[in-house]
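Order of writing sets the chain letters: A, B, C and D. Residues in each chain are counted from 1.
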Amino acid sequence: MIRTGIIGASGYTGGELMRLLVSHPQAEVVCATSRRLDGTQVSQTHPHLKSFTDLEFQNLDAGEVAKKCDVVFTAVPHGSAMDVVPQLLEAGTKVIDLSADYRLPTSVFEQVYGLKHKAPRDAVFGLVELHPEVRDARFVANPGCYPTGATLAAAPLAAAGLIERVVFDSKSGISGAGAEPSQVSHYPNMAENIQAYKLTTHRHGAEMQQELGRLDSDIKVSFTPHVIPSVRGILTTAHLFLKAGTDHSQVADIYKQFYEGKPFVRLLDGIPMLGPVRGSNFCDIGFEMDADGQRLVVVSAIDNLVKGASGQAVQNMNMMFGLDETTGLWNPAIFP
Amino acid sequence: MIRTGIIGASGYTGGELMRLLVSHPQAEVVCATSRRLDGTQVSQTHPHLKSFTDLEFQNLDAGEVAKKCDVVFTAVPHGSAMDVVPQLLEAGTKVIDLSADYRLPTSVFEQVYGLKHKAPRDAVFGLVELHPEVRDARFVANPGCYPTGATLAAAPLAAAGLIERVVFDSKSGISGAGAEPSQVSHYPNMAENIQAYKLTTHRHGAEMQQELGRLDSDIKVSFTPHVIPSVRGILTTAHLFLKAGTDHSQVADIYKQFYEGKPFVRLLDGIPMLGPVRGSNFCDIGFEMDADGQRLVVVSAIDNLVKGASGQAVQNMNMMFGLDETTGLWNPAIFP
Amino acid sequence: MIRTGIIGASGYTGGELMRLLVSHPQAEVVCATSRRLDGTQVSQTHPHLKSFTDLEFQNLDAGEVAKKCDVVFTAVPHGSAMDVVPQLLEAGTKVIDLSADYRLPTSVFEQVYGLKHKAPRDAVFGLVELHPEVRDARFVANPGCYPTGATLAAAPLAAAGLIERVVFDSKSGISGAGAEPSQVSHYPNMAENIQAYKLTTHRHGAEMQQELGRLDSDIKVSFTPHVIPSVRGILTTAHLFLKAGTDHSQVADIYKQFYEGKPFVRLLDGIPMLGPVRGSNFCDIGFEMDADGQRLVVVSAIDNLVKGASGQAVQNMNMMFGLDETTGLWNPAIFP
Amino acid sequence: MIRTGIIGASGYTGGELMRLLVSHPQAEVVCATSRRLDGTQVSQTHPHLKSFTDLEFQNLDAGEVAKKCDVVFTAVPHGSAMDVVPQLLEAGTKVIDLSADYRLPTSVFEQVYGLKHKAPRDAVFGLVELHPEVRDARFVANPGCYPTGATLAAAPLAAAGLIERVVFDSKSGISGAGAEPSQVSHYPNMAENIQAYKLTTHRHGAEMQQELGRLDSDIKVSFTPHVIPSVRGILTTAHLFLKAGTDHSQVADIYKQFYEGKPFVRLLDGIPMLGPVRGSNFCDIGFEMDADGQRLVVVSAIDNLVKGASGQAVQNMNMMFGLDETTGLWNPAIFP
């Protein structure tokens, strides 16, 4: 059994990691840290885990966690992972960081997040479908939720060198805003509403630019996020403007070939929705072409807490430990 | 024009009072107080009021408010109204208190709310349909949201002496929990959920007991509230156990006669829902009898922020100033 | 009093017309037609109108309706208005058509809707903010819901000749799909979901192209609609790519000047949301510029049933009868 | 591997059976019937099952199904199961009927459902926690969704002979109304609403009376159902009036003892909610006593499609085949 630890286990991504890991046949959670909730039952904060774990949150430092674990998930805010990652790595533990601290080159990170990086280290960007080198990694930076759905939607055509410009208009469930109550997640504000935010300046744009830029350095990327009255899920509508005309079957072939052998990407004939991926690690993708073959709208759907965070982290863990990438993750969504 | 003031205008009942009063043909809002938001635009906090008011929140004491106003609405938490009401009354202003401070006899209040009352005064209980003496009142205690819907559902049969026991099982929109974000109103906690709370101990039970007890002192009242994933509205399911058997048409007659001439009570042939009262001051009532004539289920629907709070307050104001009770309130619900 | 009639009054736009007209100080509804519901109470289908109207639906032909009315609203599906409009016009009645039959030049209509037009007539496109000639019109084609919010979002910059390309990514409440139950509006399919549809082929794109093309014939318009788990409202995110760089204050000035004296367009410093327009006739607009001044994201919010349909129709009626355009429409939204 | 078949597999309970069975380590679905969808992919109707099954719906008669299967689930409307159950049983197949046809004695069924029963047979009532004889059954009538949550809430105190009267006020997710669009499940009707229905006459009352009556023949049961704007889940608020006073710790002991060794009943210190059981087979139970010890409010929460239907059916299957009852069902809920 792989002994796993979670630093910062009281939030939604921490809870979701535990939901997935308590059913994982080859892994177990041996410690879950939280300063604030030290000594309380995990299942008090994550009530769906009652009967599945008797763990208590502990207030442990990174060194203590490293000693108990083969791999550690850092589910902390950006700016905090850099405080614990070096110590974990030096102790020889594998690390999967769910924060933003190691997804971008240091200079880009510092500019985008407006923070000095205290402890740069090289990490593999853990979007498994584009980064098979995760298999050999000891340190993985788990991608952001928006970049996961957006990048997977456009990557095949970017790799084919066909995209001139892409506008990602993403719609996220409100669980992406975290477990702490706030004005934006206050039910009367969110219900019967949709809120656009950071119209031109959301930090996740940098990850999209980086990952698509690796495939085609000329690509122009715009990104605007929204939150919708849904708990889970991100639907990304990718408006693609092409360099040259193409047709539906060519595009279909490009996607099919690109995602051959990627079990968690499902290519649909129709348009993806959130329901059929809810609670699962899938990314569903569908598209429609404009009559003139110059414009394409691609839609992707993921569960932001699974493929967009904790599920992808477990997928990374599977790869890093030589397991089949679907281990413990091969469950259908809950639908309806 | 009636000059009105609102003490504690930053919350939902304050915003709703202003929504109703900006369209009221005989009243205007001349001041809206908030300590925290002093000097900021009302329409920044209540964005739907943009273009309707240029008022700013002010941090005024009760005496200053009294000087400017013919009537003052106190939309403050329980325990706070008693700090301002005496001064307002002594200044000769009419007062409509939306808090719980003056709805119950002092001794009952102190027991139910666990507080010493600092400034007892006599108020008329402002459930207009049962208290025509509001017409002559200078000080009205506006009823709680749950007691409004529950009392109106059962009052006719209570007055007829037919009820042995009534169980009120109420389901409220989450706006009843206020404008401040909290765990219970956090979207991921409330969506796709329903939360029962204070199963046997909610304070509003005392108002129901008081009002129905005035009609029949033997009546046994139980009350359990819930919050549902809806912003507005309270549906109350009243399970009535009768002293003696009766039949459908007798019951229908009792309701019809009791609510004759009460424009805001609508008796339905079917079962009330929240949509057809949303944003309006109506209380819709419908019922169904058990085959044996011993048990009756009555359902009432109100908008908790209108008939359950601010609309009822304006209805009381209309009465206190000799206007038709529907003035400024005679608008259909927004449906769907 | 203006005597109004509604042909096809059983749907949501019919119900909403009546909601607005029962409170309108200068108009009354004298007939409401429905073949299917002939002889039943309007308030049975539109339960929020109970106590506001005793009208029954009638199965009348256009000629009978014309005789009773000064103006007729045709709230029927596209392809059906053309069956009644000519007769209404010939009878001398003013007509406001809420269908798509008269919004586009006949040849464009026939291509977009795949129908032969049986009775072409010239109508004024009833987007009052862009078409002051409504004042003199006897026949107005009320705009589609999506084109209203999209066109208002981009028109000022189009008129300034600044836009090279605009991508409208719109999110509509599900009431836009009508009162008839269907798979897409089935609660378990729509809740916790968002559905993109007609990714590149929605018919409303033609109206946007027409209206913005009037302001700048070179403009390139793309449009993708979605439905979200909200009953009312359309939020349109307009991604604008500019011909030349500009800055925030220039853009702000352009919008301010363009909408000077247009009471139903509210320019916000922040980002519009659906709540503050719900149930009202407002279109709220806000924007944010990219750092390089080449790209702009403008967001508009309307209530699809009010400014996107019935409210705008009443606004048109007001203009056509020489009333102030806000008559009967000057009410704040219901929020929260 | 247990070969299972599902008759009537196109609805929500059919889809949920397949969701559970594709992950079940000891069972597989070998046929799924649907007359209407004959020849189409199961994953077209149940899109979350894409990549999990290549089955097509087939139009098979009961005899053909019986030949292929060790156990057959009949997920058909009441009145239809009786057409296929006898043939299945005679072919020697085990049968779990999810319809209402075999839950009640024939005479009671005929009265409650207003139908003549064509093929009475004896079935075990498959509420495993009360009916350990399921272990030896060849034919199980899977309980209704409401009776499952209601009966489990009150059974311990009924068995203790303490209950004089119980009022079950239940709130169900709308998926209980099925996959076919209807007025009640139309999003604009259900959102921001709650609908009480069959206030005194819902058929599931008979099952509650039967099951609690087995434990205490004097008990008086009332039942009123509601649908709420939630896809899944039933929260039942049980208002219990006791024969004699008791106290909190006595009641806690009674529940603890009664549900000892029942893995799917979780007794909470707090009040159950829908989120922590969503997608899982748990029934969470909590309660609060009135100060005088005469009245108790017990709340239970289940997922109507899992413990209230398909999960319970799989739990029954596990028992009937000598497996641990948790096999394939031991997964936490999806929360939030």
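Everything below uses one rule, namely that a contact is a pair of C-beta atoms (placed from the backbone, for glycine too) under 8 Å apart; a residue touches a chain by one contact, two chains touch by 3 or more.
The structure displayed is predicted, hence computed values, not measured ones.
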- Query: Can you list every chain in contact with both chain A and chain D?
  - Reply: B, C
- Have a look at A-C versus C-D and report the one with more C-beta pairs in contact. A-C
- Tell me, please, which chain's centre (mean of its C-alpha atoms) is farthest from the centre of chain C? D
- Separation of the C-alpha centres, chain B versus chain C, in whole Å, is 36
- Message: What's the distance between the Cα centroids of chain A and chain C, rounded to whole Å?
- Response: 39
- Item | Rounded Å distance, chain C centre to chain D centre (Cα mean) | 46
- Message: Can you pull out the residues of chain B that are in contact with at least two other chains?
- Response: 12, 175, 179, 188, 191-192, 229-232, 273, 275, 278, 336
- Query: Where on chain A does chain D make contact in their complex?
  - Reply: 12, 15, 19, 22-23, 46-52, 175, 179, 191-192, 231-232, 263, 266, 268, 273, 275-280, 282, 330-336
- Query: Can you list the residues on chain D that touch chain C in the complex?
  - Reply: 12, 174-175, 179, 181-183, 185-188, 190-192, 229-231
- Tell me, which parts of chain D touch chain B in their complex? 165, 167, 169, 171, 173, 188-189, 191-197, 199-201, 222, 224, 226, 228-233, 235, 237, 239, 271, 273-275, 278, 287-291, 295-297, 299, 336
